[in-house]
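Shared between the two complexes below is chain A, which pairs with chain B and chain C, respectively.
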Partner chain A sequence: MKTDNKIMLTGNKAAAWGARMAQVEYVPAFPITPQTEIVETLAQWFADGTLQGKFTNMDSEHSMFMAAGAAAATGVRVFTASSSQGILHGMESLYTITGWRVPLVLVNVSRALATPITLEPDHNDVMSTRDCGLIQLHAETCQEIFDFILIGHKIAENPQVCLPVLVNMDGFYLSFTREPVLIPDKKTILKFLPLFEPVYPVFQASQPMARASAVFGGSTYSYFKMQHNLAAHHAEKVFNDATAEFSELFGRTYEPAEKFHMDDADFVFVMSNSFATKGKAAVLKLRQQGIKAGLLKIRLFRPFPVAFIAQALCGHERVAVIDQNLAPGMGGITYPEIVSSLYPYENRPKKIVSVIGGLGGKDITESDFMSIIDHMKNSDSKTPLYLFDQEDQRAFQRIQKIANVKKEVSSS
Partner chain B sequence: MYRIRLHGRGGQGIKTASQILGTAAFYSGYQAQDFPLYGAERRGAPIVAFTRISEKPVLERGPISSPDIILVGDETLLDDPQAAPLCGADESTAVFINSTLETSVLQQQLHLSSSLLKLNLTELCIQHLNKGTVLSTALAAAGARLVGMITLEALLKAVDAELSQQGIGSIQENLNLTKEIFQNLFPVVLKPRKEKTISPSEIILMEQANIEEAAPIILSPGNMILRKTGNWRVQRPEIDYEHCNHCLICYARCPDGAISLGPDDKPEIDYDHCKGCLICAQECPGHFINTVREAGVES
Partner chain C sequence: MTALAGKYKKLKDLHPEEAITPGTGLCAGCGGLDGLRLALKELGENVLICNAAGCFTLLSVYPFTPLKGSWLYTTMGAPVPAAQGVRDALDIRLQHRELPDKEDLLVMTVAGDGSSNDIGLGATSAALHRNLDFIYFCYDNEAYGNTGFQLSAASPYGSATQTAPNTEFHPAGTEFFKKDLFEIWKAQKPTYIATVSPREPIDLSNKFAKAKTMSGSRMFICMSPCPTGWGFDPKESDLIAKLAVDTGMFPIKEYFEGQVTHTKRPQRRLPVEKFLQRQKRFRHLFEPECRHDIIENIQSHVDEYWSHYE
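Moving on, here comes the complex of A and B:
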């Protein structure tokens, strides 16, 4: 029986283990499906003494994020988690605390946004936090979730960054899926992520200081925003340094984006999160059928690793950016970011198409990947390609039949 | 790779079964992945869970539509169109059913091209655990044996680990149950599945519809009646009309509106929809609602 020190963990449990091994000291919590198992597990560990510090049940995500930011401003290591509607409800606080320039790790368990309401994943929730000044790491596997939480604290707490780091995982497909996760020993983890001792000013008793004052006239506001932007950009270097150290200590290497069978690929899928696993399977199968496919999986989404992505994609003929999100009236949210990253390069791909699929947890099937290949090949294909097929139409019509049979709406 | 799909009802330990199976495979040195699927439903509702076992990393996620092995814990699901436990079964699939019926009888009823196996797990659970309602260990043991690559040692260790983690007692009894099932079944030989070449989806170009159809507007509300939830019941409430004084507290308290008023304001339970929560029985001031085990559910 060769098992190392791996254990079978759901994505949620892997997140809780990440917080545990990072020895977080404060967790403000508010439960929401499919994130609940994370805070439930941490509540248990704080209650039974496995974790030292404070776990507090909050009355909403809005106050939860404020509490997380306030605690981080006192110089303790903070972890929290949310999802979907919870992220939206706390959005004001997210902008507020990133502006405070405080370090913490926040896990988002992706779940599509209402309306209509659902429990299954897509990325509109995490994309809604795209512009609020967080660092974002997107996980494909339960191992990545665990590792990214350690790496996340390291980036967040770097004095040149001082920003919240969001680690994203898909609801259900990762949050409730168990797979083997390697939990390294405490000593090595402490080498990578020592206990948090801030080297910058934090709130302390009898030492008055203020954060987040009002500013007028624009210049002061602009200064702080531009500093925030510089810190977010700098986080890419900090990510690369942190992952290099991580690789040395733990043997797992994380580039800003993972290149899967990219070397000779004529057709490249750009994806993120747990569905990238499906993309990888499709790549292998397509290669068996003689189609040279490859996949680029984005891990670091904020800061956006522009040069890394451009370098990875340039020289390949055709690229499809698969967005599991939708900005109605525009299309996929990451597509323009990829296109603008590539625009300055002369050897950029001939064809860069946008694909929208996986909304509300809808599967992206092998056949869908084949359709995407066809779409990349076809010279006059319109972009975006929306993944919705006959079978989806039939599934919808079955429901519609039940919901909508009354053709006339009575006026009384 | 083995793709295993487990079917049962909320409360029967189907998710735990998929986890025991996953852990046992992992302890046997394989890559494993397990995953339950449940919506916003509750005890008694159909549940499905999945375990993938492979020598190589598992490059799949989510539900399994073409299973190699189907484990049906609750045979009353076989003709439930919503649960559809046999969906996707073909000649390369082995179907295992926890049943009192003979294999030949089941085969006659189901007309499957798959190979069919059965064992009365409920009976074995009653013998070892004194109850036949929780099938987690039994179904996992059956699955582990059919797969073949899982050792008894790894399986026992997995049963111990998963049940201890959930604070479930009677570990020794569960281990004995595991051993007995392991001895009673044999690994199945599956016909290799033909690798299909990938062909594109039939993508449709969606056109704009009128607002009545384009938005989630329900013009025909009250359609929950179409969703028959009666088979979620483990216990059935029965009103003792000889004593009932028509106070209608049960009628007011039923969270599912499954009690209606008959002639003379007599409360009547709609068994097509009653989920068996037994709130009515709790609330009846005179205790005039009896609870009876549903047929097919062992005590």
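Moving on, here comes the complex of A and C:
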């Protein structure tokens, strides 16, 4: 393949290509919409010899993550993918294998969680893995997906980290959207990411060891958790080093968060993933109208780049954190993380509002961004702002009317 | 020749090396530990155990392990998928990454009856479907032992457990018969299945010696008398294990190439009372009054089983 072959790929295909160019050796898989295209593509490549190693059809995500972790502990490069309910079903295994401190990359194709069951995206699924101790990279474009899988393996396999890396993309909006993706040549990729050679002992006859043994007493448990925490924090430096090297080799630069028209921005949207593209379009539109808007797109979500985010947001007047997730009874999940990052700084924004939208794939429109600006301007606006308006209410009533629903239970 | 062509005839023939050393946190008189010890004498040190949450999780408590081989604690429901991941990774390295054959490991799952019959059964069925190359060791103490003896699908009819207590309205305690895990596994035609008892060490060792030479899924259920849960003096563990076999309540058998063979057939089956009356979990069948009806149900169930083979 010639240098930087550019091909049109969906988000899912870009993920499969990322795994392919990372020369992953093992893929345990279980299908779930909208992730299936990833594992189908990899199944084909293992079956026809394009990829060397093994693809194993597992019986659930709980089993799949466990097999992935165990294989990583046995010294091969592992990749897998899931989504939504699958993440929840595999959650016990995710906590378990992150505690094993094993390197692997998994892609989550975001999809809202039941109930009600649906297919379209929001981020409650990926947010559910927030505290389990893996590293999280959130992708806006198909190129980012591809690149983050290479960078993800590099971070995961760093001896100071040794943790699974999750690369997140939005289902449908990105998983099924074709975009041009640059695929670098194999030789340069090998320079960035050589074949996997484990640094620490892995399971084989000459290296007998007991792993993940039970512990008694809070001190021993805490020791391991503190170690895990240090490794996760250290991953920010490893991310920065890896992306610097990546930039040098491939010309694409990735900071922990992307600053879009931030320099003189009075109004800042904080977003992540594919909807950030909508946010960027709104920023350009607002600037045409003379409103100094900007956007901060979070790429590295775990470890949370506290100092980087504080540095990026301090000095700006008003900030709206747009959460495409909902913790009922509290609000947006990332909002408190942003606020606590800013709290120690005197020049923190005057107003930091929480916005909740995009649930279950509901679009965030240009007029939504306008109302977010109004919300930021209004001195006594209540937070959070829910992006659910009269039109949404009417749309809901329309389908009820079609079915002649007499009365729906509702909370005021 | 029967399916079992044993290499051992006498106790002193057994492998002299131990792969599991003394000094574990398990209970005195644990029958399952005795079974695993005998099994590992045969299987050796180049073994990786993928362990499910249960009593045997206490074998390796950081920073100690009694094992000469390797250990990986997993979860209660996914020790077998972990075995799949390890097996797959070893195969990949043997085939593509020049791992020498001598570095290969025998991959094993060690799980209790709760994991085996309940929470982990789906994943095990999937592994049997894939004919995973591994050895499965289920220590069957007929309840969730490590949590204080609650009902599992392996708890026998008539036994009292913490979550199926005997009361005026539920005189039997456990009201269902034990799930037939052997037959469930057999439906998927794995390479080999055997039931073993620590009280039958020669039979047990011969079965593991034989399984070691095979590939594919090799499945074991080890009768595991449990002094704390079943309620007997630890020194009687061997006697209880023997009575389980002699009353016909725990058939010692194997499945190989489509055939089931009883390898330790009781000469003359003793009445089930002989097994029941020595254990606290069945005391309500004898005191304050004898529940002949329940004991008779247990006896009939055993008789019905053997009517197919005697």
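Methods note: the second predicted complex is superposed on the first by the 397 of 412 C-alpha atoms of A that agree within 3 Å, B and C clash if a C-alpha of one lies under 4 Å from a C-alpha of the other, contacts with A are read in each partner's own complex, and residues count from 1 in each chain.
The rule we apply is simple: a residue touches a chain if its C-beta (ideal position, glycine included) is under 8 Å from a C-beta of that chain, and two chains touch if they have at least 3 such contacts.
Just so it is clear, the structure is predicted and the values come from calculations on it, not from any experiment.
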Three-chain arrangement built on chain A, chain B and chain C clash or fit: fit
Chain B versus chain C as contact partner of A:Gln52, first or second or both or neither: second
Partner chain in contact with A:Ser60 - chain B first, chain C second, else both or neither: second
Per-residue touch tally on chain A - higher for chain B or for chain C: B
Angle at chain A between chain B and chain C, C-alpha centres, nearest 10 degrees: 100
Chain B versus chain C as contact partner of A:Pro159, first or second or both or neither: neither
Partner chain(s) touched by A:Gly315 [first = chain B, second = chain C, both, neither]: neither
Where chain B and chain C come nearest after superposition, their Cα distance in Å: 27
Footprint of chain A on chain C - complex, ascending: 45-46, 48, 50, 57-58, 60-65, 67-75, 77-78, 80-86, 88-93, 96-97, 99, 102-105, 122-123, 125-126, 130
Chain B to chain A touching residues, read off their complex: 19, 22-23, 26-29, 31-37, 39-40, 58-63, 154, 195, 197-206, 212-213, 216-220, 223, 226
Chain B contact footprint on chain A (complex, rising order): 1-3, 6, 8, 115-116, 119, 172-174, 176-180, 274-275, 277-278, 280-282, 284-286, 288-289, 363, 365-371, 373-374, 385-391, 393, 400, 402-407, 409
Residues on chain A engaged by chain C in the complex (per definition of touch): 25-26, 28, 52-54, 56-60, 62-64, 66-76, 92-93, 96, 203-216, 220
